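The two complexes that follow have subunit A in common; it is paired with subunit B in the first and with subunit C in the second.
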Partner chain A sequence: MGKKGLTRRQFTGTAAAAAGAVAASSFGAPYVAQGAEKVVKLGFLGPLTGEVAGWALPGRNACLIWADQVNAGGGIKIGDDNYMVEIVSYDNEYLADKSLIGAKKLVLEDDVKLVLMLGGTDAPAAVQFFTKQKMLSTTLLPSDLTPDTLYHLAPAEVHPLYNVTGVEWLAENRPELKTAAICAQDDELGWPSVATYLAAFEAAGIDVVYNKYFDIATTDFAPVVTAMLAENPDIVCLDTAYPDFVNLLCEQLFLQDYKGQIISCTLDFYGRIIEKTSTEFLEGLIFQFPDFDDPAMNEPHINFENPNEFFVNYNERFPDAWSAVTWEYPAIAEMWRLAAEKAGSVEPMAVFASLKEGGRGPHVFGDADWWGEELWGIDNALVGNWPVVQIQNGKATIVEYRNIIDWWNKHGELLKKHTAEQG
Partner chain B sequence: MTGGGLTALLAVFCALPFLVALYRLDILIFMLINVILAVSYRFLTLAGEFSLGHVVMMGVGAYGSALATKEAGLSVWLAAPLAAAFTGLLALLLAFPLFRMKGFYFLIGSFAAGEAIRLSWNRFRDPFGGPGGIVFIPSPEIPLPVLGMVDIAADPIAYYFFTLAIVVITIVVFYRLERSRFGLTLHAIHWQDVLAESVGVHIWWYKTFALVLASAFAGLAGGLLGHYLGTVNPTQFNLHIMLFVLVWVIVGGTRTIAGPIIGVVVLTVVDQGLRSLDEWRPLFYGAILILTVMFLPHGLESLPRRAREWWEWARHRRQPPVSDDEEPPESDRPPPQDA
Partner chain C sequence: MDTVVQTLVNALMQSSFVALMAVGLVLIFGVMRVINFAHGEFYMAGAYVVFWLYAQHELPFFAAVVAAMIIVGIIGLIIEQLLFKPMRENPLGGLIMSIGVLFILQVLAAVIFGVGLMKHIPPLYPGATPLFGMDGVSVPWQRLVAFGIAVVLLIGFWLFLKRTRLGWALRACAQDREAAALQGMSINKLALLAMGLGAGMAGAAGAIMAPLVRVYPYIGGPVIVTAFIVIIVGGIGSLEGAVLAAVLYTFFHTFVATYLDGTIASILGLLLMLLVLTVRPAGLLGKGEKV
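Showing the complex of A and B:
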């Protein structure tokens, strides 16, 4: 290497300095409770790195903000004591073996009282361990629930069941829409969601004129959109597509001059989609995940402390990173706080009993029922109201809360039929 | 390493489960399974080919053993070796198209073959379980006089020693093979395949045997993993995991069988050491890899030699250390054939 180039020694020095700076900033994170005060630790076991990190890291960061808010308010009141909250995270890289290691570390070494998980393929080994240890754990994917996962709860979302609320609202408020086209990625997230949308459209009297999966490796969505629009649908349904897919599908719909109704499960980073398309194009789009600065989040049935402040704090610390999963983990933590205060204990089984008392629990969108035996063989999913969200003037706006179980009681058989057909 | 040194190393591994916390015992179990994977992978590289399908072969063993126990009701003790043998058989079939290729083309071909297998687990929910894989895989049990059937996967110490025994067998098999006439021929194929063929060596047969044996042991490692975790899914055997195997082998070194073992052990320790950094961990991990490759291009196994050279250089201020591009010392050359 010439004299003007970077020598190996210089490179090493620069790399070490950069690594040190990053380490210092990481170790200096503000969420660790200090001093001799009583501390309760909550575990976060999820993919903080890798391809699936987008569904866990924003949630972990949101939990840190939630913990800061709780601690700033004096902590969690258990009897005469105030407990400060500490979030202990373990990156399981979305792998079953790392998940089991993390589960054992969090329970046996860190003595956490609750483990928050994303759920999915990394979960089974860890959840078996939690069950043996009588440790309370949670998932965002109710498909993790089985009759054997006794203390594993799905207290935030019941994907994809809540998607029915959007279709039902659309059918009531825009009765002129009679046909729909559905596209979805060909994977475990897409299949059950398609079954749910098919059932919801059938219940609403809307004909599905196009329903096809696209490969998970798809990068060019022009042919997918062209094929859908060839059927001239009144509604284009994006199913539960991954954020990048939703982004690209919307862009293609815009480029191919679609002017009809769009419905989607999520609409993460919708500001970026508006930048690529237009405010007018996205106007009226229906999806299921609200921003927490929404005025409807201040209604009395909401079980979340200061949602507007939480939203502002999150966007200040992590700009442009609010997504569908951001609020779900802290919402579960908040539900745990309410149950622990009610139980007068932070011990997992005491909080579990408090949560399940009377068959109802404090879901973020209002008290809800523990439900799910018909689908997963155990009533460990908290199901009740879910918001229907609409883009209005470029901003996500809750238009109504609807009850999922009400829909199930009327149309549950349809969902069972379509689930069986989709395999 | 001397016989005394090996005995001491084995003693350390036998003592480890009683010295570490329970959750760290799991790290050791997975580390041992990875040692089998890395050592078997290195054996394949002796023939001069780097494959990107080795982790998928591990998956074939894991899925095979899981299905044999769960669906066919076979005992784990029978299912795991059968699944390993099936993995070897599958590797034999793959050898026909794959060994029509060399070098970069073999690399890509092995990746394509591996992905075809892995995506079939994803696609066919019956019997592979789709993306969610197979869960509630039975554990290995042993009959004990008073206790009856004892589940050894439920006791991490028992499973650790069980895995350690398999690791020792694996190392002995590959070590002996490498030092045999067969191993020397593989080395010859690696460095001078045309010359080896010109003197009558049937290259395809040698490469195929290396692939079959390496794959069978990878399959055995998969069985060990699946029966301990109780679950297998396609994500556990994707390219991302394969890259880790490459990193273990390259960072550890490929000249001796100790290289990949050192790679797995050191990088497992490093990975655990960086755990507190959460999402920053890959950055540090990557920096360590870059520095290792920069300063120790022949892997961590060359560290003692490089350290000696640096020490001599620093002491005498004479010439800089010998470049790694130069002829390796005698100790780094292919091992002599056993009598």
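Showing the complex of A and C:
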């Protein structure tokens, strides 16, 4: 027995420990408020692991910083009470079934008062549960919104609607660009984004000469880029793609000697892309998500306290991990705090009513309207200004804020048409 | 014209690492009769070794590739000794064990390296060169390096099998284990050698591709599917068939992905496999279970 039995036990033990560690890691350890007499818990339900983690984990981490700041300032003032904030997170791995399990845990066991979500694949079942429980929840993807998602809000990001601002800016500032090639990942993130870019390019008078989806299991992007470049486009549009895909697509464009304009929804961890390509290659690339140390983030219409300081704090605590969505979750949490203090309650429905009061709200990039009836059947998205960001000397730089509703009023029918065509 | 040539270049570069994967898989099957589902995870492990040694600890890239081969080869030896060997007489034992190994290696990678954000592995040789002065066709330096390493390893492996006594023994064992045993060859030692070599080559494939692909714990999934298609088309047990099929399949897949799209390419790739099996059930170069 000896050696063989021992080996199996050791091996089984290792495997069990590994499996246990993974199981344990799927339940994110809650941030525990220090020395709190009264505590209010906010839930974070998103993909903290996996290929979509780049759009959730940095946001969860930013929420921890936000909670620290709030608690250090005495907590949330509700009437005569001060509430300390605790962030309770659950890794749903971007799976619908795990998301529903997490939703039930957060609401029924943890008694959270708000659930922050990325949205998309993981949302439908969880949001249905939240609606029944009258729980306030938020998304970054307003495609989650339907007339039935009564308490599900998109208060920070209106993906992919804001992508129109980048195309519009490009058409005005580089009118010599006449053709575009679009590649997009074949999923619920890619489809509405393609519809939006098609509408924006049509509105701008730019011909789309290539438009194809790629499988999200794609490992080699060389054929995707070769096919796009075969059409000699003036603009290559990367649509909305996972951070890894944008990275690899940019690298392939560089390797296949593309020298034209690039536009993308996101450009996460662009420093790494520059390291793989060059500063010159990425120069002029247009996307939609600013760094918060940008001077334009200090303009008076910005509703985010000390954005420059927040950016520095975040990068000190979580180096090299700033992504497109980092600021959005704490921005929503801060909006919730202000609404709760105004309502004099942390209860979900009271805060919901406070948030929606007057039909306007303090969006990060300026006060905005609760909107969406025409597109999603419910006015639960806070829509207003959005920045157009350009890579200048290797740094993300806001070149202009543009109003999404203004574009919609002029070209909304085009977006409806392309959305219908994309199914 | 440029697009056709660029696609040829893309396919040629890709075929080298697919061949490296497939040859290792064929060797393991030939000698051990194990359909090794964990072979993709050996590829993943090789990629992580390069991430850890080259990207995180600044070891020279080529040293990291050699280390990946050795480390993954040793992992293969351990797995053979602890898991596959006791199951030698059980036709399904090895298969089930390999599926278990697949999950364990994935979980270990996830626990050790995490699965949150993309692993950043800068290429040793960034940039590309025009092909023979054709401005519209570029050959990325890093892919050229990967291609060169893969070709050298494949040639070296072929010479080892054809010119050395150990290589002859491996081939003999693959052709007929009982006969080889009756000639005094140790099946267990040859199986250990086959596993070490096969895993090492998969580790090398992962190592050379690491700067060019997404490195994450589940990276082996798409790779093993391709490798299985290749060894079935080539003829299970045939090393020459695996190399030939790797080239044919990769060219087919790359051209369809470029001119139609990637999803259609994957579907047509499977149909191609079915077609080959219908016309030549033993695969392109399959003759019994020869290695």
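In this section, the second predicted complex is superposed on the first by the 387 of 423 C-alpha atoms of A that agree within 3 Å, B and C clash if a C-alpha of one lies under 4 Å from a C-alpha of the other, contacts with A are read in each partner's own complex, and residues count from 1 in each chain.
Following the convention adopted for this analysis, a contact is a pair of C-beta atoms (placed from the backbone, for glycine too) under 8 Å apart; a residue touches a chain by one contact, two chains touch by 3 or more.
Just so it is clear, the model here is predicted, and its values are computed rather than measured.
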Return first, second, both or neither, reflecting whether A:Asp257 touches subunit B, subunit C, both chains, or no partner chain. second
Look at A:Ala53 in the shared chain and tell me whether it touches subunit B only, subunit C only, both, or neither; answer first, second, both or neither. both
For A:Thr226, decide between first (touching subunit B), second (touching subunit C), both and neither. second
For A:Ala125 in the superposed arrangement: first (subunit B), second (subunit C), both or neither? first
For A:Asn173, select first, second, both or neither according to whether it touches subunit B, subunit C, the two together, or no partner. neither
Which of the two partners, first being subunit B and second being subunit C, lies in contact with A:Lys276: first, second, both, or neither? second
With both complexes overlaid on chain A, does A:Glu109 touch subunit B (first), subunit C (second), both or neither? first
Counting residues of subunit A touched by each partner, does subunit B or subunit C come out ahead? C
So which bits of subunit A does subunit B touch that subunit C touches too? 8, 11, 15, 19, 22, 48-51, 53, 57
Subunit B - residues contacting subunit A, complex: 21-23, 26-27, 30, 122, 125, 130-133, 135-136, 225, 229-233, 235-236, 240-241, 275-284, 287, 290-291, 294-295
Which bits of subunit A are touching subunit C when the two form their complex? 4, 7-8, 11, 14-15, 18-19, 21-22, 25, 48-51, 53-54, 57, 186, 212-215, 217-220, 222-224, 226-227, 229-230, 243-244, 247-248, 254-257, 269, 272, 275-278, 321
Touching subunit B in the complex, subunit A uses residues 8, 11-12, 15, 19, 22-23, 26-27, 48-51, 53, 57, 60, 89-91, 94-97, 100-101, 104-105, 108-109, 120-122, 124-125, 128, 143, 187-188, 423
Please name which positions on subunit C make contact with subunit A in the complex. 2-3, 6-7, 10, 13-14, 82-83, 86, 100, 104, 107-108, 110-111, 114-118, 120, 122-123, 126-128, 130, 135-136, 138, 140, 143, 213-214, 216, 219, 221-223, 254, 257-259, 261-263, 265-266
